[in-house]
Amino acid sequence: MIERKILEEKIRNLENMLLKMYSITVRGVQAIVDLPSDEAFKIIEESEYSSDILNWEIFEEAIATIATQQPTAKDLRFIVMTTTIAAVHERINDLALDIAKAIKKIDDVPVELKSSIKTAVETILKMLEVTKNAMVAHSFINVHDKLGKLDDIVDGIFRDTLDFLEGKKDISVRTVMNLVMILRDLERIGDLVGKIGARLIYIETGKMVPIK
Amino acid sequence: MRPSLRSLTDKFYTAFAIFAFLILIIPLLHIILSIIINGIKRLDLELITSPPKSLLGSGGGILHAIVGTAMVVFIAMLISLPLGFFVGLYLAEFAKGKFAHFLRTLISVLAGIPSIIAGVFAYTVIVVVYGFSALAGGFALGIIAIPYVARSTEEALGSVPMEIKEAGFSLGIERWKVVLFIDVGYAKSRIIAGFLLALARVIGETAPLLITILGGINIPSNIFSPANAIPLVIYQYALSPFRIWHNIAWSAALLLMIIVLVINLGVRYYLKIKAIY
Amino acid sequence: MVNIKVQVEGLSVWYRDKQILRDICILIPEKKITAVMGPSGCGKTTFLKSLNRLIEIHEGFKVYGKVLLDGKNIYDPDVDPMDIRARIGMVFQKPNPFPHLSIYDNVVVGLKLRGITDKKYLDRIVRETLEKVGLWDEVKDRLRSSAAKLSGGQQQRLCIARALALNPEVLLLDEPTSALDPLAAAKIENLLVDLKKEYTIIIVTHNIQQAARISDYAAFLYMGRLIEFGETKDIFTNPKNELTEKYVEGKIG
């Protein structure tokens, strides 16, 4: 078998960029729990900024790799999917920043919801870890099921929040709206991590399996 | 379908070509067959191992002529190989412009002169001074062989592909070394083949030997003594009135033919082996 | 910052009354692969042969301008072209090992004819260079047999070894894979990527994909002019010149 050294090096490079992207996202999402502290807000802002830049870098590298190395089959799927996965990460960091801004606008988040947010964030982090482990180990057994189950938890939290807020009369409409948006964004992030999983499976198998 | 005019002319020319071929091949076959039929009788061990018995006796061989031919051809090669080789080398690799053109014309002229002229030249230069000798005959044949060796060497070197020369130069090797070690090495087998064919060409020469080596029945003791040669023996014996000598002449002719054939086939086989690479 | 190994300044080459190269200026970085691309007849090979003065063995060529190797013009009168050719090795389009020499002698013929005869040294060079080009294991038992018996790909690797035996600083390759099958070509490409750690490599190719795959820098020659020169990824994703763009898109040439 002939190695394609340069192509393999480029693919490794893209893999590393994606892992870097992963840690940026984890850092940003994790900080949601510590909101509304200024420090947490700053971390999220930084993550949003650097994920944007890294997203473009991954685009450039992927385009250059396709143009110069003529990848095919799995190599090609990997490179193209890398760009879309990077874009999803960038979007997740955007949403994290939206959440941070919304939390800032609320004077006091009800204790019950604080724990809901915490659970949602922890679940999302678990989902992210599933995607990372799958990517590093190139093993996709149960990825689909695991992500689906975890995403169900996040969705459940969102529904519970709606129920909880319906019964509350002592919170201003503005606060309610912000809280709904926060939980809605968390639910969106869960969906997006699911999409990352679907793309990883596509790289490995060439089959499109939506995770919902 | 009616045969067209074109196919008729086609048939006509094919028939004509076959006819011309037969005209050419029949006399050639006749010569070869006569030599074989008449020569085979006396092509025995005695022919090549013993000198003539006595001037009029029966039996005997042509050992004296075989030794003479070997001597004369050896001297001819000693003269023509280095000279012809370097002239060919010069023409192929270094000669440019007018001088090269002049040299090529000279070589052509040399190849074209009747061989007896070379004999006359050898006579005036050597025979007059040293007397009839193998040396004089070798000298004459050497002159005849030079243009053949020069041409075959030039052609052999001309066949070296540009890529091979370029590869040599690209290694930082000087020109003369590229020529001598790369080009000559590459064309080695063809150059050697050229040498052998030149040898085959002069081995049957008779005319220049008539006036340079004299002939006779003695095995030459050194290059300064008179000698005989196979083609000369054929000439002299064929003109004699004796049946026994006629038979020896036929056998000598067959022997000469076999020698030339072996050289030619040997060269072909040799080049074929080399061409496998 | 990359070091510049070869600097070409205003290089123009004429063949009789026809101008082949027009005022080429280019900076070749050290220990990188620079690809020179262009359609047939654009002057690529002439350009390459101007870089080691091999052009001078052909009649009718005139070279103007400078080619600086480590800052020194190789066309200066005090420079010996033999030394330049030893410092700048070359590999040709058609594998051209010397068929009358053994594998061993093919590798060391340059050294031998340049006066080096120390057997131990030659043995070492043969082994080192053949290992470098990945041929050692394939031929170590038949070093004395003719080089003509090797396959095309092996012959080309032998030719690379022959050039490397002189320990050159720069390696010029003139379409080294165009006469080879894809597998043998891929091996040569991998080899070049390995070799760039030690040598500055300039490869001429009309195979756009090959230039893209292995080079760090790429130059586009068109009708004797240097149209564009830059990092390969820029040339292939965002060329500045319209002609270059059409060329890498496969629309001309």
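By written order: A, B and C. Residues from 1 in each chain.
Assume a contact is a pair of C-beta atoms (placed from the backbone, for glycine too) under 8 Å apart; a residue touches a chain by one contact, two chains touch by 3 or more.
Owing to the predicted nature of the structure, the values given are computational and were not obtained by experimental measurement.
Trainee: Which of line, ring, star, complete or other matches the graph of chains that touch?
Mentor: line
Trainee: Find the two chains joined by the most C-beta pairs in contact, please.
Mentor: B-C
Trainee: Could you tell me which chain lies farthest from chain B when each chain's centre is the average position of its Cα atoms?
Mentor: A
Trainee: Could you put a whole-Å number on the gap between the CA centroids of chain B and chain C?
Mentor: 47
Trainee: Let me have the rounded angstrom distance from the C-alpha centre of chain A over to the C-alpha centre of chain B, please.
Mentor: Result: the chain centres lie 91 Å from each other.
Trainee: Hey, what residues on chain C touch two or more of the other chains?
Mentor: Not one residue of chain C touches more than one other chain, so the list is empty.
Trainee: Where in chain A do residues touch two or more other chains at once?
Mentor: none
Trainee: Along chain A, where are the residues that touch chain C in the complex?
Mentor: 2-7, 60, 63-64, 67-70
Trainee: In the complex formed with chain B, which residues of chain C make contact?
Mentor: Spelled out, the residues of chain C in touch with chain B are 52, 54, 57, 82-87, 89-90, 92, 94, 96-101, 109-110, 113-114, 146, 148-149, 159, 162-163, 166.
Trainee: Can you name the residues of chain B that touch chain C in the complex?
Mentor: That would be residues 161, 163-174, 177, 181-182, 185-186, 188, 277 of chain B.
Trainee: Report the residues of chain C in contact with chain A in the complex, numbered from low to high.
Mentor: 183, 186-187, 190, 193-194, 209, 212-214, 232-233, 236-237
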